[in-house]
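The next part holds the structures, each set out as structure tokens.
What follows is a pair of complexes built around subunit A, which joins subunit B in one and subunit C in the other.
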Partner chain A sequence: MRHATSIRVGPIGFRIGSDFAAPIAALRALYADYPKSTIAHFSVRLPASAPWRWLIRPAVAIEGDYMLPDAAPLPLAQGLLAAEMAMNLQVALGHRRHLLLHASCVERDGRALLMTGESGSGKSTLAALLGTRGWRFMGDEFVLIAPESGDAYAFPRAISLKNQAINVAERACPTERFGPRLIATPKGDIRHMVPPADAIARMDEPARPALLLFPTFGEQRDVRPVGAAEAFVRLTQASTNYTALGERGFRTLTDLVERVPARAIDYPDSDSAIALVETLWRDL
Partner chain B sequence: MTAASLLARVLAEPDRAAGLDPTAWNALIAAARAEQLIGSLALRVDLAAVPPTVADVLHDARDAAIEQRRTALWEAEMTRRVLAPLGVPLVLLKGTAFVAAGLSAGQGRHIGDLDLLAPRGVLPAVEQALLEAGWAWAKPDAYDDDYYRRWMHELPPLIHRERDRMIDVHHTILPPTARPIPDADALIAGAVPLGNGLSVLAPADMVIHAALHLFADGDLAGGLRNLWDIDHLLRECADDDADFWLKLHARAAEHQASAYVARAARLSARLFGTPIPSAWNRPRMSDQLFARRLLARDDWGRETRPATRLAFYVRSHWIRMPPLLLARHLLIKARRRAADARAR
Partner chain C sequence: MSATRLRAPPADAFLICELGGLFALFHRPSGMTHLLASPAPELLELLGERALTRHELLAALNARYEVTDAADDLLDARLDELIAVGLVHAV
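What follows is the complex of A and B.
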């Protein structure tokens, strides 16, 4: 492809190519502090969605080693989002070394806090905020659980902030580096935040899962214990490769839910969520 | 040299993997994934002798192949339980047959749908039994449904609602509109029982099926994988039976498949170094074109050589349908595409 770059995020290396210069330049800027991978685990392609779409209303298709048959192309101005979606897709469909959980993750003292929930639950925002308040940010999209050890491995890609979360993060983390604001994408407004320096420098360090949270944003403060069986079922739904891993996936996940306490938390705003997390963590 | 040529070379001579640079590895992995040959590559290459990232990728591919094998055999077993009461012959085809029969062609192979062959007369009973046991039509479209039933060699594809797996139930191995007419009764009569109520095609018939599928049906997209099957089937069958090539020659004639099987053997020898008898190895000019089509994959895993691919696409319709039927079919498909585009 005419333009290409490579990025390593945690244990996964990507090679990203495009017909267009802009998405590759934007990725290079956003991921300037990340290591490269000379051989990639996955190839991502962002070609013009049709030959004439190189010139007229340019649009990028979302392609790679793994593809969805009906993935809609995005306007060139949203190339960073196309790259993010394509990279996620490769991991979700192709990665098998770890059990993948669709979750955010932060670490302190070698122990990991995992947060998983629907889009809008605030798990990305909470991880981003905690990552600038004494925790190491490990990821806002996937946390990777090693089947052999049960350890959590980081996937600290650029944090994908949506809609109101953009303002919250801009106010709370004014010193961090942000990407361009992408307006009116299929997922609303999006702005990427580069994770804090220690998140990138220490991205190969695993952590021991110690607490599992299921946050819900917009309710009065509440904490409810979640049993191992319920946590298991919720996490099978939050895993993109649980089925593909077969028995190995089952063992890894049952081991995780039996070992790690789980809580569902409701919170009205991010400050109370952070206070709640600190309380729960202290009481472990 | 395309990335697909590199892939064919490394599959045929896995020791070449040791000398590859990172650029070549990236190309090889992308092409192998796109051709669904990454599992086969993973089983050929010595994982201790490749860079760590490549070992990661190939370990994952081995695990995926093991899981696909398990899933395919389970799906065959679930289907067997539903259809056993009918007491009809049930022959596994393609990938599921290779793994069920323990053939080397099944090692690392990607397996998608379950392909089954049964006598034409029992298809309505088979379809009814599957529909009652949780399968549903995957293409609920009147034209497609009618097209399958009139012109295809299989039922419209069915999908199991809970397991999300497709099944194709065939009554022969080529569409009735295609030029050669294989002897479906002989395929079923000659099938080899597996001992559990299911059977697989006899060795020569397996090769003939693979050759017809690749060269008498379809546009050769993703065909490198089918040719790799053929390479393994030819090697293993010839090792097991000294008279295999004679039997293959005679059997191919019975199925009107001689030219296709001969081409399969020549191209397998050309791309994968398959040992074939000298009488079989009389290259044709057109082999070059077929090789060009089979290797049309670049170092990002994209299809290349658009003119060659278009030519084979046109050919695929030409060999599959008489001209008037083809014209009608393309017209209906074009109208529907236009309607879909307006709806979007």
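What follows is the complex of A and C.
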């Protein structure tokens, strides 16, 4: 690849190459504060989607060690999203060292709060906001659970804000650094936010999972306890490598849901969600 | 009841974890995870020890676990589910 960079996010190193300069330059700017990876666990490639797409309506294909055959190319202007999707794909399909949960995560006093839910549940936004309110941001996409200890490891990639979450984060975190606004992508409008400095500086520090939340945005405030069996089933669905890990995955996940209390929360806006989180955390 | 004998894999073919009254079960030979409610784990335990007919299984279930209200049709339904997911087979 003509242009390339290396990035380490938590324990995972990426080497990312592209035919185009722009996506690599955008990644370098967004990940300027991250350590360079000396080991590339995964390669990501963002080539021109066809030879003529180098010049005419330039578009990038999403490729890497792991690929989806039907992954549609994205316009060059959305190259940062292509990189994000390709990096996520490598982790989701290739990572085996930890049990991967599709969840956001924040930490306080060495203990981790894990939040998992459908796209639009607000887990990214909540983690981003908590990360600027006395919590350490550990990730908005994956949390990595170590099979040997049950500890949560961070994957604090640039926070991917979508649609109305962009305005919420811009208002709530005016001093944080943002990437360019990507308009009308297949996932709606996207803007990346660089996590707070301590999230990057301390990204190798694990935390002990202490609370598991299943948030739902847009409903009246409500809290419901979630039993271990329900949490187990929800998390098998939220894990991209549970099946691949076999017995290790089963032991890690059953151990997690046995020792960590779980709650489903409904919330109408981010302020009430943050208040709810603080109350639940205090009552642990 | 059928005289066909049924069998389940031995106990070491499974990892079982009780989760709030339900049982998460990892089936080592297939790598599949199942979530079971009682009396399915008890049926697997009994059929893992030796092959039994449905009639013998019902008697064994009553004797070991004192499941006095275990009805034939309930047992049949649970067994059919276990056979359908490949945890119990006819011998």
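Definition applied: the second predicted complex is superposed on the first by the 284 of 284 C-alpha atoms of A that agree within 3 Å, B and C clash if a C-alpha of one lies under 4 Å from a C-alpha of the other, contacts with A are read in each partner's own complex, and residues count from 1 in each chain.
By definition in this document, a contact is a pair of C-beta atoms (placed from the backbone, for glycine too) under 8 Å apart; a residue touches a chain by one contact, two chains touch by 3 or more.
Since we're looking at a predicted model, the values are computed, not measured.
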Just subunit B (first), just subunit C (second), both, or neither: which does A:Gly94 touch?
-> first
Could you tell me if A:Phe250 is touching subunit B, subunit C, both of them or neither one (first, second, both, neither)?
-> second
In the superposed arrangement, does A:His41 touch subunit B (first), subunit C (second), both or neither?
-> first
Looking at the overlay, what does A:Gly17 touch: subunit B (first), subunit C (second), both, or neither?
-> first
Of subunit C and subunit B, partner touching more subunit A residues | B
For A:Thr236, select first, second, both or neither according to whether it touches subunit B, subunit C, the two together, or no partner.
-> second
Touching partner for A:Ile145 - first (subunit B), second (subunit C), both, neither | neither
Set of subunit A residues, in rising order, touched by both subunit B and subunit C = 246
What does subunit A use to touch subunit B in their complex?
-> 1, 11, 13, 15, 17, 37-41, 43, 45, 47, 64-66, 94-97, 244-246, 248
Interface residues, subunit C side, partner subunit A - complex | 15, 17, 19-22, 24, 26, 28, 31, 33, 35
So, in the complex, the side of subunit B touching subunit A is made of residues 22, 25-26, 29-30, 33-34, 51, 53-54, 56-57, 59-60, 63-64, 66-67, 70, 300-302
Would you pull the subunit A residues touching subunit C in the complex into a rising list?
-> 227-229, 232-233, 236, 242-243, 246-247, 250-251, 254, 257-258
